[in-house]
């Protein structure tokens, strides 16, 4: 009975959190799917998104959600920049090269970030009210974040399936060589995809900043979660990433009802490896 | 082929020598005065976390130490009876909050930079690794920010702990609770790491011996950000009091979510985080959260207290320290800053008492030390099985309350004789 | 005459696609069996089924008297089966000699590195790549890579050699050279199963021929019988006159 | 002459390690000894990783899991069971080898990025689990009593002894690396790296070979883990399974040139030398992480084959020596 109450209390909350997990993972999985690059700079980009919200709210004194659109645009440009500088040259090289290239970007951002921002926590003291539903408290910030995530997911879906550049992205993801033969400018499309992936990461960071205090290292945890989600939902599958995020959020709500909270990472990563072994293409990926 | 090979081999031999020689050797040791001079510069060596997870607290500790050093040098150093004037200089490296290089860097401090005395890095794990180097070289290491007990129970002879040990951290809080609400139901929720676990290990038996009911004991992973499920568990357990926490990042997150989720606890005590001056950035969520503190400016110890206890008073008053610290850093001192200052201060006292900078004499002086400062009492355990463990210092309990102007301030609420305000109990509901 | 390889009702399906339907044949030791059919007829799939890359769902494969239906590719190799690939698969960052040594080391004779190096040099001499033995395999041209494929397979000293279009992409003089090589291999007593599109060669060198169409085995027989088979002509040769001209060359 | 031909590839690597081992003694400076130890440790770990990464072509992002796991097992035996150091080191190596065997049979089926992700998962799962595992001290870890060092002549002598053992383990790692590289088994691994499917068709039992490569690459890290934590005096989950250290190992292997015996050694040397310099350099110590990152990026972009690979491409004659 006690467990049931706990479940009722924690589950909705976990699901709401799952939306932003999913958004972050969508960025990772988009880049993975289109160009087969695991972006190890994902975490620091999420952290930069967090700091952008801090800047908007605490320095400019604006509503944190007003920052989402400019942060998204900056994220897009930043991603294109990273692609041009660090990724483009190694896009056709073996896996290790792109992994290490994005990891160097990770080191550069974290190093500069620590020097400029320290690793002490920053806090966006923004409270968007809360909704009491029986034993569960739904926080306003999380409800809004879930809504923004849905907007971005819908937007991404529309972009990928209804617009010309979006269709090009899917074509390149499917078969880059063939897409090039058909006259699709693959370099531009790859840069755009990397930009979009970075944008999603930055936006997710911007939203997470309204939940939790953070520092420049905070993105690392979400990067790892994005891996887990990517595998859950199928790497390269943005919609799967959203579902993967929801599943992960749910797990984080369910596990503490039965076990000590510190078991969460054990189970999360154990599950991650298990799914990789059984269904490397993810729960929602096509079975090969 | 053979010729090529021998050239190659020579090349590698040279390259490795050159690389190896230039990599570490570039930092010059500070000049050491020769024997004929009456001025002696003592080198204090330590690593700190310029980068990495423990950067905040580590920096405050270093600031405190720097302040002390500036002061003692500006005052003309320590005059020994043989006419030597002792001045101090610091040598420091970044340990990245990471154990990988700590031993290498401390060895370098001792053998290359000729450090005479060592200060510990910040955090118990790093200190444990560094202490072996100190022990090996017979160098005295004064530790701050290393409260966990184990490192002092390993048979060392060179460690001297400034902080109240972890296992004692929350005992004064329990004493206070006993007077406030003996029927409180306690939830212990702590970070699953070395320091916090050692605190809890000392806390739980004491709670039970004092007749409290522990309704929940739960650890959370160090990088936890979402405390929602944990808070639901606390609420579900029917706890009225929460004791626990860990370090700054998780503690501040935890406090904020306790507030957002209206956990309805009567009393919250978290480790480390609420003791930091950045904590009120949490706004309303900080109100009523208390912490166990090594030192609080508002309850700083006084010569009168020392006299009453029959102990020797040493060093500046708390206010003098705070003013000087503010002038140096533009920040109010926290207990980490006081800890850093005190590492220097007790070294100064020990050198004066020993009338020498000879390590063995200073060690003997430290072992015999029993003084009272603005930071409180300091006395070290001299038994072989717990050598250097702090036994003279008591923790105070501090709580964030609103002053008359409506600002959040940290008030000392226990022990009663130094308290600056009554405990806010229960924490008012928003 | 014992049969080295024997297939009984081998079927293979990929999702909804029936790639092979009940293929059965016997390959006697020392013979060359040609495998022909239009593109997509399932020839390479049959190779993959035989050497364990995609084991068949139904049917059985006997190799040297053992049921090897569910064996892995490396187990087949250990038993003395070697193959070349239609799309060359050189180990790019290894030298040509090392590529061939791999074949010798891990074939059924299980040679040591030293022996393998000697065998590699012999085989490279034999296929005419000796001068390139220190070059990285990735730097060879297509024809050389084809020879490398062959050399690697030969170095294993196999009982059975599966040749998947070794002539594709070669010019006519290269084809002549390769055909001579194949015949020499047969002289050494190696049994050969070959997929080939160059009809002239198939008709010339094969002892027997099997024709696949849509995964079905539509004919089997001597080159003359195949050339005269009405069904084959319709399905594959299309033009009876072409078939005749082929026969003349045979 | 035959012996020369057979072992010439070993000369440069052994020389580097031997010089590193002798250098602190010549200079008599303990600080040099500690720096040399850090480099020797990196050499041992990077050379071990190279067996999997360089020879077999599998990118592991969690290789440090063997260092941590072996270290934990060894320190537990040393501290809790009173085993001597040498036996604990052996046991740590064996434990890691066993873990690699069990893991390898499962996750080596994955290829490319999937394998890399799985190794991250394994590392994180292991760390989270050890944090919950009371036999190994849970989050507090295991702290050695100084009396442990008495058996080795006190802390000072124990650190000296640790250094020699470290040098021996580095030599062991490169001996394994060299023997694998020049063996038939190693040729099979190289074939798998180049084209796993083709390798299987040529008779290489890839699952078997990969698993054993994994095991061989795990043993020395396990032993080094025991030694390092013995020297450090304690072990905690956070120190035993640092994800970034796995990535640093990749960087070292890449820097020197993967798939060669000498490459990881030079890579470890250069990387640790550079980090050691940057961390203690007055100019760079505040932004040392960014500087390292920028240097790494330049190398990845412009010399992807690493130093040795670059030399081999430019000067084919050196190939024989730079095995």
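By written order: A, B, C and D. Residues from 1 in each chain.
The criterion applied here is as follows: a contact is a pair of C-beta atoms (placed from the backbone, for glycine too) under 8 Å apart; a residue touches a chain by one contact, two chains touch by 3 or more.
Quick caveat: nothing in here was measured; it's all calculated off a predicted structure.
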Between the pairs A-B and B-D, the one where more C-beta pairs touch: B-D
Most centrally placed chain, judged by C-alpha centres: D
Per Cα centroids, the chain farthest from chain C: B
Separation of mean Cα positions, chain C and chain A [Å, integer]: 49
Whole-Å gap between the CA centroids of chain B and chain D: 34
Centre-of-Cα separation between chain D and chain A, whole angstrom: 32
Residue numbers of chain A (touch at least two other chains): 111, 114, 260, 262, 265
Multi-chain contact residues (two or more partners), chain D: 128, 131-132, 286, 288-289
Residues of chain C whose C-beta touches two or more other chains: none
Pairwise chain contacts under the document criterion: A-B, A-D, B-D, C-D
Chain D contact footprint on chain B (complex, rising order): 1, 4-5, 8-9, 12-13, 16-17, 19-20, 22-24, 26-27, 50-51, 93-94, 96, 98-105, 107-108, 110-112, 125, 128-129, 131-133, 135-137, 148, 150-151, 153-156, 192-194, 196-198, 219, 221-222
Chain B partner contacts - residues on chain D that touch it in the complex: 8, 11-12, 15-16, 19-20, 23, 29-39, 128, 131-132, 138-141, 143-147, 149, 154-156, 159, 231-234, 236, 238-239, 242, 245, 269-270, 273-274, 276-277, 279-282, 285-286, 288-289, 317-318, 320-321
Residue ranges of chain D in contact with chain C within the complex: 182-184, 187-188, 190-191, 193-195, 197-206, 259
Residues of chain C defined as touching chain D within the complex: 51, 53, 72-75, 77-78, 82-83, 85, 89-94, 98, 101-103, 105-108, 112-113, 116, 152, 156
Residues of chain D defined as touching chain A within the complex: 53, 59, 61, 106-107, 109-110, 112-114, 116-118, 120-122, 124-125, 127-129, 131-132, 247, 250-251, 254, 258, 286-294, 296-297, 300-301, 304
